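The same chain A turns up in both complexes below, where it pairs with chain B and then with chain C.
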Partner chain A sequence: MLKQIHGECGIQPACVAVRDAKFPKPFLQQPGLEFSSPARGVWNIVHIGMLLPQAHLIFVCPEGCLRGVVQTADEMNASGRLSTIDVRENNVLEGNIEKMMVDGVSDIIGKLPQKPPAVLIYASCTHHFIGCDLTVVYKALGKKFPDIAFGDCYMNPIMRKTGLTPEQLMRRQLYKLLQPREFDTKSVNIIGNCNRTDESSELVRLIRESGYGLKDIVLCKTYGEYLKMAESPLNITMLPIAHAAGVALQRRLSQKHVYLPLSYLYKDIEDNLNRLSDILHVPERNYSKNIAHAESSLHKAKKIIGNCPVAIDYTATPRPLSLARLLCEHGFAVARIYADEFSGEEKDDFLWLKEHCPEIEVCAVTDPRMRVAPNCTDGKVLAVGQKAAYFTGTDNFVNMVEGGGMYGFDGISRLAGLMADAFLHEKDTRKLIQIKGLGCNCCL
Partner chain B sequence: MVKIAVYGKGGIGKSTTVSNLSAALAERGLRVMQIGCDPKADSTVTLHSGRKLRTVLDLVREKGNGFSVHDMTAIGYRGIVCVEAGGPSPGTGCAGRGIIAALEKLKEKGAYETYNPDVVFYDVLGDVVCGGFTMPMRNGYADQVFIVTSGESMALHAASNIAQAVWNFRGRGYAKLGGLILNCRKVEREDEKVKELADDIHTAIVGSLDFSKTVQKAEALGKTVLETFPESQMAGEYRRLAENVMRACGGELPC
Partner chain C sequence: MKQTKVFIPTYASDISGACSALYELGGMSVMHDASGCMSTYATHDEPRWYGSDSMVFISGLTDMEAIMGDDEKLVSEIAETAEELSPKFISINGSPIPMMIGTDFPAIAAEVEKKTGIPSFGLPTNGMHSYLNGINMAFKALAERFVKTPAAGAKGGLTANIIGLTPLDFSLNGNAESVKEWLSGNGIKVISSWAMGSSLNDIVRSAQASVNLVVSYGGIAAAKALKEKFGTPYVVGIPYGRRFSGKLLSDLKTASGTGKSIVSYVTGEGSKEADAAVIGEIVSAGSIAYAVYAETGRPADVICPLECSREFMPAGSIAAAEEDEIAECLGHYHTVIADPLYRPVCPHGCRLVPLPHIAFSGRMFQENIPNLTADFYSFLNKI
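Here is the complex of A and B:
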């Protein structure tokens, strides 16, 4: 019988004080054993694929690799939107993997109760290893089913740390079925997010109040609505993992790509919003009231949270150092940041923390030592993010991934409110963090 | 851009033939790129005075993605752009996968746009043994496949297999079979045997190369025949072959 061994063997977590940490990789990462914590809130390639409305997903890989994707779909109550094709040794030996894909996909489409407008086909590392010519597969399928759009997607763990990450690649491929359309000059897209950006955020308000329509795949209910995203001459990305999608669409559909990275620094936020104003040809706005509101929210939260140690992880926000800096500047007792690596965009924040808060600990997430590190701390801890909640063993945590749709000064105000609420009200951490893809029901 | 893949049994003289073809075309003022698709990484060795070239896969292994297109190439005799795909150590890894990775990396780094060659040669290891070795035949890579063979049974068998692979992929928009190159080994009824194969696989012999010690002498000097013995009979044979190959690809050489 398996026995949980955390906290008893005296192994310390893989942590380093920020003053001694290296940037952007604080830990020596060697290929090999990794720990995957049971915090499952981040979105995987199934969740992202499910964002394509009315699409059917087909995974083509060895049976043993299907467990996770099948479970994800089942957990979403979306098993009806996912099918699998089992690759076996004889397919490799006989060299018929391309034919098998065409036959398998055709068979699945024939058995679906309704023909989907789009099918995303996930090839695996088996295809990669044997040099399968996927263009031949898609060409044959396109000929056979001219009324279905086929999208190439990849479940290729062997390439996880080479080139684009699976998350970046999946977000890029998600928009690959968009075809050129006449531009609607009053339309703007936000792409690459799994969360809907808050309507109250300065960014969304700026778009809408300037007379522009906003399109986002998380708002699309039909495949037709998704296709209309090709009508927007502008794509906004705000997450590093979405950047490649913006670049690809700019090249393919000539949609202008503007990267307005999520940040918690007032200057960055204001610069981003002013940049957008410039692109939308509207006057720059005065954000002093928004800043004042963010300040007031932070002060209120600080009053409630006091000197309780705060832990932040990289799944809650792609800018954990920026958030840590904001919180430290407002008197919060940031104690730990959980991340294996930081985005290059965070260098200034890293240097600021090194100078002003050198004692903050940076802790690894996938280092095998984290498997046996005690997942409890002395006293109360407030965590931002599921992994931070898991590693600190706290029930006081802000349950969010990828910035939670909070952006700008409004996002800071909202986050401060959520932190105060999390401090005051415990959550059932164990129950919440084991559910995959936080908020993924928006796909359904 | 004319893109040519040269296949054939191991040891049949593909690299020697391709290097001399490259040299012959470069002499005629064409910009040539020669890509060795063999883990031994010795396809282009006679084009750059025997110096060992950093292979694409060595660069990937050592630097990840942190290298430029110029790191992958060496400029050899008469400006020929030399590339070696490389591969795993003998007995380990997957050579086919190595070819795929190397060719994808060349494309990704914009090698074809950067050098804008008139002619690209893919010099491919041995027989078609797995998907990786068909990569140079695929859409976007070579347009024509030429097979080097002698009248020896094993060479003919390999040539037949390669032609079969080209035939199997006929519906995919892959490279077409351009013809056979007879590299004579003084086998009995050699011309006849190779002609029979050409008829069987519905192609032609685009050229024939005599068995000559000049080739060995040039190789011993680490250079092509065209560079070392430009006035020799063999140099003339390679030049004629280059003309025939270009003609079979639908192109003509500048005078």
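Here is the complex of A and C:
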């Protein structure tokens, strides 16, 4: 079992054995104040917005809120695609924020070297609290710039516990500029991902080999290609964070939405793939060879990794418990899972771990005690995910977020390979995990 | 006023400034905010963040808490965390929404102090001002709350505090240490440096100093408070280049002797026709402009895009916060000394001498920030 080296302060990390953990919030007491670890690979609302090809992003917020988004764009070498309007005390007091937004957006568009086909405007918490009439703003802008599509986006973290989180909302709004088009019955979309789904995955192969074209915003190079996503009669989501986007498009554009959640359990994977076969009207496939390959990859990885403790965090995959279960079933020494809360989809995996691996520790991520708990352990640790790497202080880690585009049996094979590689080869954890938006351009 | 920035970024905000100022002193800073301020600070404004154990946390304010005005929850959560981590003091800092709902930070701090017995203060930052405002608030709170009247006989000789040091202006390139070494090397004992490389105990002894050296505009409010409370005069400037450093040293001695404060880079002379400009925080930009002129005879104007009162601005300097204003006033300069991210607003054909500033470009160019106190002349050769 993985042992933490305790510092002089003697403060223990906020951990609980899975046998004593609750579901979906594993800790008896939820922390009030929150710590922010320096792992930054998860995509934020700027990275996601930048997926819309040729669009310009405009954030309308107080200076303090603008700072992070501007720096995100600068570090992506994409400062030319993001501008800001600074909300000040007088705007809050005088109630002129609608006019300020229309004037500001007009000023920015007028100064851009090229008129963008689309502009995403991000309103903030302040807009909600002063009751800004955003409808008036978009109406005025639509009249002034009829050849530009304006998308309403939000940076309102204060609303994160009321309805959709900002991340869910952003993934939904990203597709809001799609307009109804005649369906191309041989086209399928994957939506809501920041990673391109592996071409070698059974899911993508099933789509392509069945004669369907695959569209995904991460593959779009132009705004026109993005608009063509409205031609697909089917949207596939695989992450909980993307679900709302699928629901919204089904309602608005009548595109069928199918949620095929990322999972590491063979039965779930097979069920998902068979469900897709059914929707695509193609025969179910036999996946025994794919399963055998996944088994063989896991076996090889286990031989290399041996009994080295493994730590997993919730940013590496939305299904850390499912992954932990898979690894435990194959003899890996899963020691720790870093998460403040689990997705409701993980209940079966949680119960399985509770019964079969009750000693695994669940550790908090944002609890203030994690700030002062020493980031080191007394032996080699293999981490899956940036936060797990940070908190365990290991340089042996799989650098991935949101499942890393790996899906299905093929995804398991690939992940097993990445784990073995991470065990054998150290990475510069400090440098890598501080880079924002893993996989985006970065000038650091 | 359109309040737009089409091409250039924004400066770090007052919330980051306050946390940065207090970072090394063993206290606990709480940002009363939903989420964004914390990751911005930790990622872009605080190069000391990784692996450090400084206690900066966020309250995770929600819409319902803001609407219901649930301050008791905040007080309890701060008290619980403080009990666990035992900080030396607690600072509770505001953000936009608490400002809009009129959160009473001094009252919350008083409640927290009553509950924990730990010295606590509230800082009404609101994310709508620059980092300098936050630094000023934090250092002023330290001056008023912690600095003790020196015991009889504790004061003597030429001694100084350095006020206004944060990585936002000074990076982690050794510049802060160089300022300290420069004072020591010139026979001035350093009592404390606010607040890089000093402990809270050092700050507490600050009134023993005979003079305060203010090295950024963020140190002004504390210097004024110490002047008012203990009569300690201050001198404003950063030792850049032999000539300006010589003047600064002389001003420190004069101020210590007379009790009169001096802004060293403000000469009282009229502005000169300049073909170069320095953009930045006023004390740094003013010191550079003075040093360049003193070393080469080439005048340089100062363009200040941040908060600054007139008494700290050299003759001919321009206050310009808006992107349009900055672009307009750069029109006739051949050379501009500024952070590289000012490039898009520099006129065509203008030469930009890059001087990265963490408060502006964050961590993007932090490896290239020169230590101008230790080596001004390598930089001068580029101008």
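Note that in this section the second predicted complex is superposed on the first by the 427 of 444 C-alpha atoms of A that agree within 3 Å, B and C clash if a C-alpha of one lies under 4 Å from a C-alpha of the other, contacts with A are read in each partner's own complex, and residues count from 1 in each chain.
Definition applied: a contact is a pair of C-beta atoms (placed from the backbone, for glycine too) under 8 Å apart; a residue touches a chain by one contact, two chains touch by 3 or more.
Just so it is clear, the model here is predicted, and its values are computed rather than measured.
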Partner chain(s) touched by A:130 [first = chain B, second = chain C, both, neither]: both
Chain B versus chain C as contact partner of A:424, first or second or both or neither: neither
Contacts of A:95 with chain B and chain C, given as first, second, both or neither: first
Contacts of A:292 with chain B and chain C, given as first, second, both or neither: neither
Residue contacts on chain A - larger count, chain B or chain C: C
Touching partner for A:32 - first (chain B), second (chain C), both, neither: second
Touching both chain C and chain B, counted on chain A across the two superposed complexes: 128-130, 162
Contact set on chain A toward chain B in their complex: 95, 128-133, 135-136, 162-163
Interfacial residue positions of chain A with respect to chain C in the complex: 9, 11, 31-36, 38, 40, 62-68, 70-71, 74-75, 79-80, 83-89, 91-92, 100, 103-104, 107-108, 111-112, 124-126, 128-130, 155, 157-162, 368-369, 371-372, 375, 430, 434, 436, 443-444
Residue ranges of chain C touching chain A (in the complex, touch as defined): 2-7, 9-16, 30, 34-40, 42-45, 49-51, 53-55, 57-64, 66, 73-74, 76-78, 80-81, 84-85, 95-97, 99-101, 126-130, 341, 344, 361-364
Footprint of chain A on chain B - complex, ascending: 64-65, 94, 96-97, 100, 130-132, 134-135, 138-139, 172
